[in-house]
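Labels for the chains are A, B, C, D and E, by order of writing; each one numbers its residues from 1.
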Amino acid sequence: MKYSYFPGCTLKNKAQDLDHYARISAEALGFELEEISEWQCCGGVYPLGTDEIATKLASVRALNDAKEKGQELVTLCSACHHVIKRVNDDMKNVDDIRTRANNYMALDEPYEGETNVLHYLEVLRDIVGFDELKKKVTNPLKGKKIGAYYGCLLLRPGKIMAFDDPENPKILEDFIRAIGAEPVIYPYRNECCGGYISLKEEEMSKNMCRKIEESASGFGADMLITACPLCMYNLNKNNGGNLPVYYFTELLAEALGLKEEVKEQ
Amino acid sequence: MKTEKNRAELIKEISGVNPLKCMKCGKCSASCPSYNEMDIKPHQFVSYVINEDIESLVNSKSLWKCLSCFACVERCPRDVKPGKLIDAARQIVVRERDNTYLSPDEVPELLDPETPQQLLVSAFRRYRR
Amino acid sequence: MSIEKNEEFRPKIVAFCCNWCSYAGADLAGSSRMSYSADVKIIRVPCSCRVNPMFILRAFERGADGVIMCGCHPGDCHYTSGNFYARRRMTLLFSMLDYIGVESGRTRVEWVSAAEGAKFSQTMHEFVDKITSLGKNVRLEDLRCRNL
Amino acid sequence: MQRIGVFVCHCGTNIAATVDVKKVVEMAQHEPGVVHAEDYAYMCSEAGQELIHKAIKEKKLTGLVVCSCSPRMHETTFRNAAEKAGLNPYMVEIANIREHCSWIHKDIGEATEKAVILMRAAIAKVNLDAPLKPGESKVTKRALVIGGGIAGIQTALDIAEAGYPVDIVEKTPSIGGRMSQLDKTFPTLDCSSCILTPKMGEVNAHPLINIYTYSEVESVAGFVGDFTVEIRKKARSVDMDKCTGCGLCQEKCPSKKSLSEFNRGLSTRSAIYTPFAQAVPNVPVIDREACIKFKTGKCGICSKVCQAGAIDYDQTDEIVTEKYGAIVVATGFDMIKLDKYDEYAYSQSKDVITSLELERIMNAAGPTGGHLERLSDGKDPKEIVFIQCVGSRCADDRGKSYCSKICCMYTAKHAMLIRDKYPDTNVTVFYIDVRTPGKNFDEFYRRAVEDYGVNYIKGQVGKVIPQPNGKLLVQGADLLDSKQILKEADMVVLAAAIEPNPDVRKIATMLTASIDTNNFLTEAHAKLRPVESPTAGIFLSGVCQGPKDIPETVSQAGAAAVKAIGLLAKDKLLTNPCTAHSDELMCNGCSQCANVCPYGAITYEDREVNDHGIRERRRIAVVNDALCQGCGACTVTCPSGAMDLQGFSNRQILAEVDAICR
Amino acid sequence: MQEFVKATSQAGASSHLATAGQRESQTRVINRAKELLADGTVARVLGWKAGDLPYNPEPAYFEKEEDFADFVYNGFCGANLSKYMIEASKLEGKTLVCLKPCDTYSFQELMKEHRVDRDKAYIIGVGCKGKLDIEKIKAMGIKGIQSISGAELEDEAETLTIQTIYGEKTCAYKDAMLERCHVCKGKDHMIFDEIIGESKETKDADRFTEVEKIEAMSPEEKFAFFQKELSKCIRCNACRNVCPACSCRKCVFDSNKFDSAQKANVDSFEEKMFHIIRAFHVAGRCTDCGECSRVCPQGIPLHLFNRKFIKDIDELYGEYQAGADLEPRTPLTDYRFEDAEPGIVAERG
């Protein structure tokens, strides 16, 4: 199975390893990520204004590229996923945005939300299947107690993201079980880490991250995983020191016994 | 003309929100992780728009404290979603004025070696036109 | 050569309304003072399924410019299923009229409940606007029937 | 040719301010058949009706057109007036020049022109009117009540007291409904079962009341006065006549792991069970899903211990067919599922419960023996938080758009009872509005605040956060103090919205009773006929019509009973004469009309006809006047036009079309 | 020219053999009919008898042995006999009726509507290889026709040989076929007591092509098209009289119940209303037997109305073939909650 793949800015720069882990794991699990040619940055945040068109076009381009290839579009970074999924929803359901965006794009055939957008985790859950994943794990992360940190962007707004129960999600916990570790459920896993606010309001973000980490360690977690590079940055930066934060693809590669391979590259 | 009425209408248009649907339950303020940092609280945004006091809104601290975490959007029982109103007010500021909340000059000192691109990109989107 | 007087076009519009929902919805529009054009004249029928295609063609024959039928929402019919039959009949009839070249905008079906006075008024507004923009029905009127 | 009188009503200024009534009268004079036309300030008044009476007599009128308000308002008034003057009431047509004209138009010229056209259409119709005579149908003097909660119980008792036999159909093994699950009732705080149990006993003992528990309505046919209902008596596996209710079977039953429905899943019960101690009838049922005998074939302990020999594993469902004149729906409510509200951690913590669960916990016969405790660890809660409006008043599809009405009061009750019994437990209520309209209701709520020190905070809760130490952190807003509050609680109680019993949609479909988007049954008139369904012979009792507390439910139950009694007291009913009829000379006998008739009113018979001298046997459609409701579906299906509808005939409607398009 | 003559003479030779075939098929029907008459199984036979011209056989009853001298069954026997069974059902005893595959749909539809009595019918399913349209032959410039061969049931020849006063002419069988045979429903009889003769599937076109062509026109073009066609209508009622579905004892257009009793046509609307209602009344019941178009003396393609309804019904409510079964509900006496709204007409554009 071949998917169009939108890696996003951070995973192509600061966090290249995380992208490599994702690709090499995908290969091992029997699917291929074909990077979209000439993709542009999604913008990091979804433009909420109903009259914002230009800022949505990068997503539309990626979506249309996948459509033309007849592929589904896979994202890895939570922020990219959030933006692209919501823009796609607009293109499907909001007449005004669809019309105006298509006017800008002047495509041969208008884009009307045909592409299916999947997060990497959704591919693991719905296509590969966590049971299958479990079978392929060669290096189970036994004994590790992992807190899943979801953040905001994957889950909300629940109706559009349709990713998991926005108030009581379980996909990352299922993932953690599949790679042989023990999930720790704690209530702050879907609270905000501060996001972009950490640039100018360091204190705010610090407070938020502290709450998350206290809650997770309180329930017995000895590490966190996340699907968002920015969350990972914020949590790491504001870490009291004893709760490491990993990107989920790194643990995935480790469980599949592929981590060293990437490091060697 | 930039009357308060026009600006209130503009906020409603950009956000797509009908503030009259609000029943003042306060679930937004109860959910907001930035609540304590805000001078105008999330549930109050609605009445500022209804009362057409946009000037106070655009000068509020709250504008720059909203995280766009969508907790209020997810939980609002009345389909009002104050987070969208806040963003629309922010749009009015960054579209109307030159003085945006983040200038490129101040960026270097905010950076550290680990800063992900995503952080800059997102902040620029929210703080500038 | 035109024998039409050069005055503002006022369409003739016949509205068939079922007694239980739409006629009551029109009553509610009235008691809520939600105005719509006086060009609309309502005929009360017990159910939308009482509307015979003959009635609609007859209206056009006699010079109506538009015909609209209103009934209870599907599933809410006072007679449980009348509007379902009406829906199929009207769909086929309208399709046929469209097929022989009568503008599809001249016919319409709208489901209006007894509580939807606003919807009734809004629908009539839209329909009158539509018919006004289409102009006089010259394709179906039987000229012999004029000024009877 | 008819002799038609036209009467134009001013309706004070309601019509006359926008329609030139004199002009309408003048135009009427020129219409074919019109021999009399006049206007009057209020046609519906005594004096107005007197004018009609006089004109009918003096001018020998054969038809009337009244230009006035909607026929839905006064058609009956004018028909009665005509009848009093000796004119067939179906020779009256109304031109609706108020709701459809004067009230919606401003321009006098335009409104007058339209009024004239509407009048012409009515005249054209009355010209083709024929006198109609209503038929008669019988009334079966027996009522059916669907649902055995307090609403159904009260309705049944009231009807039976008036001397008519009543059957109650209840889905669960016992009557009693939601009220039997409650601990205390507001605003008097009397014990729910203390006031309900005697009523249950009374129903059980009443010679005119027959109770079908563990039964459901299977099908409904017929119409007002003459319904035929099939009732499915589900296999109880226990012989009702033999069982003595000793309870030994339940005690000895080895399968005890099923969740108790009565205790909202907070305790377990045996596979053979009565839902609660005071159940009526006091006869257990076997839950075949849970029963070891049914699952494996081995066991049969209950049968061995039963000295009465009442256990019958071979029992099957039984269908009972009964005739009824009236049907009362009293299907009640349940709480909504909370799976879409997990910000309140209902599925994540055992100490987050619904109000109905709290009722069971507070109840002496409940899962904790009436001791208030945390379900997670059995400890006494010291801080309890109540959250109001969970799923009520929602604009999105997570919850319900309406106010559930009872939550404010029962929460005040709970808060008060807890503070009374456990004075060192603090109670906080997060509310949006406190709604207490009702006798002694606000006083009750104030007592909770003033006498019992319940802490009411105006603001909703955003999230309930389970803590590692087992406590619950409640993050809410205090809108009056402009604070975000973080409160540590031991227990959180959610006032979940109530919704009509989900089965009601199925029942409404069988009854052809209308139902709204929230699944509440619609009343015939929101203000003036609140306990009747628009479908004749169907009455509404209790929460199936809309949220209600117990006193309201009981009074509505009584009102529904009175309406049912009013129907049962009649010996016969007049039927709507506007029915379909087929012309035997034109009917093809093709059966298409029967296919679309929703009432099964059309049958066929082979009949000798004389078609212009040709005598032959033909298959002819015959309409049963008592069954026909006059929708007209058959008339359009009939290709030859043999089928026509009295009062709305093809020629009449065409005449109206012609008059309008003229 | 030389070649042409040669070709025609060859065709003429083979047509001679075919005449024997025709006799054989026709003879089998006749023999069987006589047998059934003789043993009292049937009281009469409904078939076709030769007309005054080689190409205009007409429906007829045969009650006696000698009547069969005129009995024919060949490519010109297009007439659908099922409607005659309405009256035949009222007569004493059984009637033997010859039905082609497509006619059996009409018969079943009439059964469904209780218009014909199955017990009063003995159905011989006659074979069919496509029926001929004399108008098409004439349109090829073939005039003064004296006899035609190749039109017989069992003949596999693809060519018709026509003796005219101007000499022998030929044309391909296919080119002379009725429009409806190009969109044949199939060679199977839906209902029969016995079958005599082979049938051939002749479908080589899609029946909705013409409808789609019209649907694609602008409103003005559509209006002009139907105006042109329908203005030819002389309201002779041939279409109504021949239609097996149009079998009302009294047609609405003759009835005072709708104030619609026939008037002379002055305006084009009259025809439109007539033809729309005619098609509407048979919508969901029309088997697309094509008789209306076949008998129209003005050559109006009346099937275009019926096919439009059939196409809409197929698209909106699921594929439906009237007369294919005996289920009592037709598309217009049935519904589903999720049916399309009438607004779909405007949306489709």
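Rule of thumb we're sticking to: contacts are C-beta pairs under 8 Å (C-beta built on N, C-alpha and C of every residue); 3 or more make two chains touch, one makes a residue touch a chain.
None of the values given here were measured: they were computed from a predicted structure.
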{"item": "Neighbouring chains shared between subunit B and subunit D, ordered by label", "value": "A"}
{"item": "Steps needed, at minimum, to go from subunit C to subunit E via contacts", "value": "1"}
{"item": "Subunit A to subunit E, fewest steps along touching chains", "value": "2"}
{"item": "Remotest chain, subunit E as reference, centres from CA atoms", "value": "B"}
{"item": "Subunit B and subunit C, separation of their C-alpha mean positions in angstrom", "value": "47"}
{"item": "Chain centre separation (subunit B, subunit E; CA means) in Å", "value": "73"}
{"item": "Chain centre separation (subunit A, subunit C; CA means) in Å", "value": "53"}
{"item": "Junction residues of subunit C - those touching two or more other chains", "value": "53-54, 81, 85, 89"}
{"item": "Multi-chain contact residues (two or more partners), subunit D", "value": "343, 463, 596, 637, 650, 654"}
{"item": "Residue list for subunit E, restricted to those that touch at least two other chains", "value": "252, 258, 332-334"}
{"item": "Contact pairs between chains, per stated definition", "value": "A-B, A-D, B-D, C-D, C-E, D-E"}
{"item": "Residue numbers on subunit A that touch subunit B, as the complex places them", "value": "8-10, 13-15, 41, 43-45, 47-52, 55, 77, 79, 152, 155-158, 166-167, 191-192, 194-201, 204, 208, 229-230, 233, 236-237"}
{"item": "Footprint of subunit A on subunit B - complex, ascending", "value": "13-16, 33-34, 37, 64-65, 67-71, 73-74, 83-84, 87-88, 91, 101-102, 110, 112, 114-123, 125-127"}
{"item": "Partner subunit E, residues of subunit C touching it in the complex", "value": "53-54, 57, 60-61, 74-75, 81, 84-85, 87-105, 107-109, 139-144"}
{"item": "Touch list for subunit D against partner subunit B, complex", "value": "343, 389, 393-396, 398-399, 432, 458-463, 475-477, 479, 482, 484-485"}
{"item": "Contact footprint of subunit E on subunit D as seen in their complex", "value": "583, 585-592, 595-596, 604, 611, 616, 619, 637, 639-642, 644, 649-651, 654"}
